Each structure stands twice: as structure tokens, then as C-alpha cells.
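Both of the next two complexes hold subunit A, though its partner changes from subunit B to subunit C.
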Partner chain A sequence: MPRRRLCFPRPLRPLLAVLGLALGMGGHALRGGEASVIIPAGDYRPITRATSDPEAIAVAAFLLDILPITNAEFLAFVTAHPQWRRSRVSPLFADETYLRHWTGDLDPGPAAPADAPVINISWFAARAYARAQTKRLPTLAEWELAAAAGYTTPVGRDEPAFKQDLYTWLSAPTPEVLPSVATARATLHGARGLHGLVWEWVDDFDTAMVTGESRADVATDQNLFCGGAAASATDPGDYAAFMRQALRSSLKARQGTSSLGFRCATDLPPPSDQP
Partner chain B sequence: MKTSALFLTLLPLLVSPSLRAADACCPPALPAEAPLPAASIYQTEVDFTTDVDTPFHLAELRGHPVALVMFFSTCAYACPATVADLARIREKLPEADRTLTRIVMVSFDTERDIVAVLRQFRESRALDANWVLLRGADDSVRELAALLGVKFKREADGNFAHSNLITILSAEGEIVHQRAGLTGGLNEAAAALLGAVRSGEKSPDA
Partner chain C sequence: MKPAIPYPARLAGLLLASLALASSASAAEGYTPVVGRVQLPPDVVALPIEEAVLTAPPFVPPAITRRTPARVVVNLEVKEITARIADGTDYTFWTYGGTVPGSFIRIREGDVVEFHLNNHPSSKLPHNIDLHAVTGPGGGAASTFTAPGHSSQFTFKALNPGLYVYHCATAPVPMHIGNGMYGLILVEPKDGLPPADKEFYVMQGDFYANGPYAGGGLQTFDTPKSIDERPTYVLFNGAVGSLVGDKALTAEVGQNVRLFFGVGGPNLTSSFHVIGEIFDKVWLEGGNRLAQENVQTTMVPSGGSTIVDFKVDVPGTYVLVDHSLSRAFNKGAIGMLKVTGPEDRVIYSGKEVDAVYFGSSAEDGSAAAKRQAELEQEIAAEIKANPTIAGLTKEMQMAKGKQVYMQNCFACHLPSGEGMAGVFPPLAKSDYMMADRERSIRIVLKGMNGPVTVNGVEYNGVMPPQGDVLTEEQIADVLTYVTNNWGNSADAFTVDEVRKVKGE
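Up next is the complex of A and B:
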């Protein structure tokens, strides 16, 4: 992954502590200091929507992990929660893709470096991890709002440098061994690796293709994707968003993939009462 | 003979401390304490709240064959039909089996279907104690929907687009049958429910 430059955040971004820890250290150390950043409130505009849906969804400000969850962090989770180890997990919550690149239950092995994003994680497992940290997965709207930001402006798709990096990543095959999360450059709000490392689970991924009528379920969703999506697209130029939507509609909650990880979110604490 | 019987009695003690509690000393473990089958949705960690405002974990349904739907109480189109279908499925069971069966309705309207609304729903439809009405946080509702394969989405007007799926669960919480759509399939669903009643009787702690 030579195209992923090690980046130096702008002086205004409160990330120096994180960067300092990031240099040459393993997975959990990366999350030392500030672990999450505030994503300011904003509007998420779905790339496709039913005619009855609003053009924009207001998203409240929330806290998002700066980095995707690493193998080292997930190892700590399965160590503490044996029911989520590969050999013990219920087939209801994870299929045979679960952690299949790990060498053993508690041994990530050479294909899963400590500081690389963890992949092959089911949606149930990602949620269980988040719950164990008293966090949650971001919603689709939250994730997309955070991911819309470029390196220096709130609208990355209008930023040439950002767009170039994004499309370079989209067109490159997933490497067999993923690089350290530290290789991802921070975007405007300080989150890193929303693009350029792995795709990420969102809590409501399965609503991605449910439109007005879902009674006939999956087969209909597929049909709608081909024609319907393009017809109602609000920004057909946002190719990356279409890719994410197509990916989400193909996912199953029990199934992980070799390019799908996750990170956690939390509500902002309510504003303290005025005296 | 005596020796081998003694050996068999002691074997669990030798094999594993975890077997000892279940097999050696005591009466058979209660069903609630035996491990759930691998396919039991009752393994989920999330919980719900009843229409009398008590916390409810799905594993409390263990031992009862269950017909379960996800719904929202202000639904004007599909849900009344679903309630009627659930009642009809139950009526197809022999009288004695009806009391063992639980009809479970879980709302995905986390905002509007508060406890009082669910209680009103029960009263207005005269649902007896075999009907279990549940609400839950977003987290719980999403997880259950994913386990059942129910898709739902809140529309701008506050209503929900959703799958219409009646799920029949065994006494151990395994999905044994699903009826999709709004018409037909009641006999099949009732047969699956009856099958769940019968298999539960054969091996109460299986």
C-alpha cells in the first residue's frame, strides 16, 4: 500500500498525541489519548431514496472512533468474551467467514498484524464488541456524514486530492495483509481510515435497499437496485457512495468479508444543565 | 454390573468439573440452566420491555412454542391482518396446546410504541396472557430483526416499511418455520407450531 502516505495532521487538529503514539506502536497503543472525535451535526443526503423520503436526514453531532478496530483490540475482546472466539461463536451470530484469516482462536497470526484493521467480522460480532465498550455502531447516516468530509473541507468529493486518493483505493485490489491503521490520513474532523483501509459495518446496513415496499423482500430489493437506484439518484457522480450502497445491500448480518471492518460510535453526552 | 454402574456414575466426575454439576449429584438440570442449542435465538444478549413495564429477555420464552412477529401498533394495513392471522393459527391448535403456546409481538417503533401504547393495544384487542407484547431500544430491535431476517425502515411519515414474517420458534428458541407475506400459509404455520409443542413434550430439556 505505498499510496497510503503517513500523514501529519494540521496543527489545528488535536491529534498530535495520537500521532505520537501511532509511530511504531501496536494496535491498542494507537487508540491511546483521544480515542474518538466529534463529528459535528449535519445533513446526510442519501444517494437514492423513495419519493416519500426526505432529501436530507438531519444527523445530530456524535462521537466517532478515530480509527477502525484493530486485530489487537479484537483479540482483547475475544479473550475477555469466550463466546465470541472463532471456535465457540454461535452459527447464528457468525458464519464460517468469521475471523478466518486468524491462525487460531487467540492467535491472529501473520495475516492479521496487531495494528491492522480487523476484518472478517459479522455484524453481530461488531455490535457485541461495541456493546462491550459501552459504545455502538454508527448509523448509516452518521457514517456517511463523517465520511463525506475531505482532508480540508466538509465536502470531500469536491476536493481533488481527496478524490484522487479515494478512487485510487477503490480501484486497487484489497491487499492480502492489510496495513496499519496508522497509515490512514485524517480527514477534516480527525477521523482516519474511513476511506482507504476497509469498508465498515453500520448499524442499519440492512435498510440500505428497503424502499417503499419490502413485503416481497430480498428478490425485490435486487430488482430495485438495477433500475430504481439510478433513476432516483441524487448525485450520480458519487461513485464511491454507490459502491458502499451496493456492498451494504449484499451483506448478511452473519457474514464478514476480507475487506470489511468496523469502528464504534457514541452519543454525545447531553449538554449539561445551565445553572 | 455394580462396578460398571459405579464407574458410569463417577465418569463425569473424572471427565470434567463442568459436567459434574449437571450429571452427578442432583436432579436433572432445569431447562433454563442447560445450554441453549447452537441455533437458538435466545442466545442474544439484548433485552426488551413488556407492556406492564417489566424487563424481558427472550430466553424467558424457553419451554414454550412461540409464534413471533415484529410490528408497530399504529400500522393500519398489514398489522391488523397479522394479529388476526396469529389468532387463527392459535385457534387451529388443540385446546390443550394453546395454553402452552406464546404469541409474541415485538414492536420496531421504538419511539411511539411506549409501554402505555402496548398496554392499550392489548386492551383494545382483548389479548389474553398468552400474548406477549414487547418493546425495546433500537439496539435490541435491530438485533432481533437481523436474527429473524425481518427488514424494516422508518418512513418520513413515521410509518414503517417492513417484511411481514410470522416466525415459529421451537421450545428452545430455534426457528422452525417462517410464513412470509400476508396471505395463506396459516395451516403450515399451525402445523409447525404443533410440531414444536410435540417435540417439546418428548424431550422437555433437550
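Up next is the complex of A and C:
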């Protein structure tokens, strides 16, 4: 996709990445120790698909941040990368929702506690942050594969406790001040807060198939009657997946919301690199 | 009018680049493209502009008095809130305008409506709106798909008059509707509706909570219950008791009451009924033609509506129910209309008389009477043939009589036979009972009604007849028991004695 290449100005990477890394580690104890976990390879089954699409997408093992990015970490990033400060960010890459809960450019303020997940972040900004850490955003398939895990099993939606927590969160309005990322319970592979804190950007969020008219979400026929979204669904009972898909479909890359954050991912080194 | 763009050419170039970027992405994103403001023809531009009056249930905006179309601006806010669903129990509702059902919208046939859907920044999810009053794909759903903290606008012309449901159509739709995202929009016919003295707004919805009915604490949506259509609550206006007590609808005797009634669902059809009233007029399914008069219960489909009119003639409380009554009795589908004013006892008298009714014995010659006679003969034959029964001693009769007593008599006369002073006469040491054997048999067989003095205390109660309930043998047994217990002493009663009195 061409627009990924023209996303943002190339930063002075070597210098600033080192600076950002230093600030990030210094400013945030929560990410101390192992910052990411291995999500084992698996299959991601999209909730809706066109008949020509494959039923399952194979996902290679990858490294995923344990926690979503916090305000403190993002503060370190905008400190090191002035072009991503609220007052300076290009309107091409972030609309007026960008960091609007912060008090100032370098002052998160009372609505953005240091250890709470950062929100009101555009997709462009999330990608820039990841690149500055020499990481990337997880793909939709990677994120969904990681998020499918329950507290104790690989299939969370078969775990009553997991489902209860998930739907309680999905039903609740977003609090004015988000809780610390430390409040999130770890799921099977060790990642925390994939559910229960904020929605999260994925690299290819714009491939979600939901249109604004949920009942017409079938690639071959735009005119299905009420409930049509379910006609092409692999599991119409997986309401949580529908909600994530609807959320992603409602977004534009420039905009953020008060419940949308992100975390980073990294490729595992290829086997040939290992001794 | 849009102001001329004062930005420098450099910035304009950037904006163009941005637009190109957005359009290349839009097809893949599935994001509804923004197609720009509609160019209204001069005759529409010339119409007067007004902001729609929106009301929270159970209230309805005032009737439209103008007889010409207008451009109406509707501003509806989507907000996810926590509110009371039942005593001590909260629920996370998703709302249009902060209430369940959402704000009532009232426009006129021919109006051109500029609709703004504003999704509050605190919303967890994107939402949209499908107005059944809209002619066009999705009823506006695709054009109003709105991320949290954003606002969408579209325009429609109200071509068809009627009472229409609106609802959220974002996947998973049953959850959005199940959390309360529905309301009513009335498109008045060009000449208006007939006048009514009182107009109210009531909507039924089914709710699927992750806990029991009024289970306390905060409840949220339960997906499996929703899929299985096993609602925890079936509610009028989004809460148990939303139209009860000081929140009841009110009217005065002689007024013509109109209910704009809709069903949001997501699943259940309502058998809408007002206890003690007859709908004088029903605009069936919310259409604009008077479809029926004198209706007891009208069926309202999920995603449908009705308009009912009825004149209230006598004071009292009239109860709104879904006449699928487990929903009213167990799941909350109850509302009240309190009517005040003078009585009219010819139309409705109130309770005039309360009297005792003894029921009736089987009539002579009836099948039941014949069967009874057959059974009695069988019993007599059995007694004769069976030495155990034939040789029944007084003690055995008392033991059997005690069983009869403890099944039929003790509730009033108490196990101790002492009765209840002033209410139920005593049997223990009862001068009245012990004085006349035949009279005692008669009372058990045929009941008793009226004043009686027992051990010096006057009683004026009712004893129901047991002649249809107990066999002659059981009557003999129980009389033997009560006349030989609690300090009483008498000869055993025989079946022949009972039969003799019965034959009187």
C-alpha cells in the first residue's frame, strides 16, 4: 500500500531513537524486565469474510508488548520527537482529537496519569512511535490471535470468567480517567490489557470488512436486509469480534478516540539468524 | 455557507494530498465516504428552518400546527450511560439522548430533515441510526456511522407519514438494540392527527442481563441469553417501575388519551394491552390510516409501533401490560395510567356485594350422581366383605378420623380443636357439638352459615359443606374422632347414621 511509505517525515532516527529509548525506560518502571512476550504461531479466523477469502489466516510467531503504551512512554516519545507534539503535529497525520486529554504539549496532566494507557492517538502517530522503538504495530491477524487467548486456555471465548470480564468491559462507557495498565490481568501468553483497558490500533485496521451499514456487510450483495452482517459471519455469536470490527471500521487513520490506544510488536528473528 | 478557504496554497496542496490519501483508503476501510452537503433546490432552501423539539419519554413534543413543510434540524446525541434498571440494580445502557427509549422526534410529512448524529467522546463504540421513517439504503445507517467523539450529518425527506421506530444498526445489532438504542419518530400526515387531550410515549424492549431479575449491583449485556432470546427483563421505557407510582401516566376523566407505543426489541413482539380499557381507535402498526376500532389487545412487532386512542370514562388505575403475561408478572412489563375525576357508577359500580357461595351438589340423575351412587355401593360391599373394615373398632375409626381431620378440618378448628376465639368455634369440650349428634352430622354434610353460640361465645361464620368432599365413612370417622378427643366422649358414629341425615 503506497500510503504506508509516505506516512511521516523520516526522523533523525539513530540519535532520537536512543534518546526516546532512554527516556522511555527511565520514565516507566512498569515495562521493566521483559517488555514483550512471544505469541506462538496460530490461525486467525476473521469474523466475516467474502467467499473468496480464506477461512483462516496463518500467523507466524511474533513478539508483542506485554502492555499498551502509557502516557509516560508517549511523553518520552513526543519529547524526543517534537513534530509529534500536539501543537506541532501535521493535520495530515492527526486530527483535533490528538492527545486532547493532555494538559499541554509536554504535560499529560490529571486526565492522563503516567501509568494509564495513552489514548487519542492517530494511527500515524502510533506507527511513528513504534518505528522510533524500532518496532511496528501488530497486524490485525496478529492482534486478534494474541487477543483470542483466555486467562488459562488459548480460546478465551470458551472461558466463562474471561467472557464475563470481556463483556463487562465492552458494555461499559469509557471512564474519564483510565486506570493504570498494571490493573490488567495477564492472559495465557503473558500479554496484559488486550481487553479491559482500551481498544488498540493495528497496522492494517482498514481491512475490516464492516461498512457503516452493518446489515449489508457482504461483499457480493450490498442490499441484504436487517441482520445481514451475520450472513457472512463465521461465528455470529462472537459479539466481541463484531464490536472490534465495527470500531476499526469507524476509524480514519488521522483520528483517535478516548478509548483507543496501541502497543507494539516485533518480528521474531528468522531461524537462520540463530546460532 | 462555507467561507472561502483562506489557507495558503501550500496548505491547500497538503489538504489535497490528504483527500487523495483518504479516498484511496476508503474503499478498503469500509468507512462510509463523506459525499458532501446536498445541493438543495431553491424551493427547499426557501423553506423555514426549525430545530426539532426532542422529548424524553414518556413525553411527546407538541403537535405540529403548521400546514406547510419546513427544513427541520435534528440533533441527537448518542451516549453510553449507567442507570437504574430495577430496584438496587443498575445496567449499562446505550442511548439516544440519554434515555431509553431515545428522544421522541416529531416532524411533518414533506419536511426536509437535516439529521445530526453526535457520538459522545466517552462512548466505547461507534454507533449509527436507522430511521424507519427514512426512504433510502439502510434508513440512514451507513450515512450516520460515527466513531466515538465524532458527528455525522445526512439529509432526508419525510415522504411517508406514520409512527416509525429508529434504532442503532451497528454490528452486533441485537446488542446495540438490547442495550436500549431505539426510539420513535412521528411523521405527522399533512393534515395532522385528530386532536388528543393527552399524548404519551411508551416503548417496550427486552433486556438480557448477566444476572438475575433485579439481582442487584451493575448488570451488563449477556450474549448467550440474547442469542437464545431469554430476556431477563421486558420493560416499558427502560426500567422496572418507569411508569409506576409518582411516575405513572396521568389523565382526567373524560379525556382522550393517545399512546405512541413502539417495540424496540431486539426480539420480542408485544401483545400490548391496557387493563380496564378498550382502545377506541388503533392505527395498526403505526400507519396513518385508522385501521380498527374497539380493540382489547394489539400486537406490535419488534421494530414496529402503534398509535392507540381511548377515552377514560371512570377514575382509577389502568395497567399497561404486555399480555404475554410472564413478561408483565416476572420481567417488569408493567406501566400505569392513573385517572382522576368523578365516579360514574353506572358505567362501573365498584364491588356491590360480597356474599358466601356454597357451590352445588351433583344434581339428581346426573352422570356424577350415578357414579357417586356406584362408588357408595362398592364401598358398602367392600365393608361387608372385608372383616378388618367390618370389625372396625372405635379406636381404628378415630385413627382414620384423625387423618380426615388433619386434612380437612384443622386449618380452622386447629389441631388442638380449640378453634379461634370469635372466628372459628371450638370442638374441644364443645357444648354445642356434643348436644346433638344429628345436628353435628348435618353441619359436616351441608355446612353452616349464621350465628351460633358455642360455650357461651357467639360466632357468626361460615363452615363449608363437606358432603361433596368426604365419603359417608370419612364423615363417620371424623365425627367419631372429634367427639372422642380433647376431653370429649361419645359413641362412635356409624355410616348408617350419616346416611340417614344425608337422606333428609
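Assume the second predicted complex is superposed on the first by the 225 of 275 C-alpha atoms of A that agree within 3 Å, B and C clash if a C-alpha of one lies under 4 Å from a C-alpha of the other, contacts with A are read in each partner's own complex, and residues count from 1 in each chain.
Note that in this section contacts are C-beta pairs under 8 Å (C-beta built on N, C-alpha and C of every residue); 3 or more make two chains touch, one makes a residue touch a chain.
Since we're looking at a predicted model, the values are computed, not measured.
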Comparison of subunit B and subunit C by subunit A residues contacted: C
Subunit B versus subunit C as contact partner of A:F124, first or second or both or neither: first
Contacts of A:T168 with subunit B and subunit C, given as first, second, both or neither: second
First (subunit B), second (subunit C), both or neither touched by A:D53: first
Partner chain in contact with A:A253 - subunit B first, subunit C second, else both or neither: both
Which superposed partner A:L92 touches (first subunit B, second subunit C, both, neither): both
Contacts of A:D206 with subunit B and subunit C, given as first, second, both or neither: both
Partner chain in contact with A:T134 - subunit B first, subunit C second, else both or neither: neither
Set of subunit A residues, in rising order, touched by both subunit B and subunit C: 90-92, 206-207, 210-217, 253
Touching residues on subunit C, where the partner in the complex is subunit A: 14, 17-18, 21-22, 24-25, 28-32, 79-82, 92, 121-126, 128, 137-138, 141-150, 169-173, 175, 179, 210, 220-224, 227, 303
Residue numbers on subunit B that touch subunit A, as the complex places them: 38-41, 43, 45, 78, 138-139, 142-143, 145-147, 149, 151-153, 155-157, 161-164, 180-182
Of all residues in subunit A, those that touch subunit C in their complex: 2-3, 90-92, 97, 163-164, 167-168, 170-174, 176, 205-217, 222-223, 226-227, 229, 236-237, 239, 242-243, 245-247, 249-255, 257-260
List of subunit A residues in touch with subunit B within their complex: 50, 52-54, 90-93, 123-124, 127-128, 131, 136, 203-204, 206-207, 210-217, 253
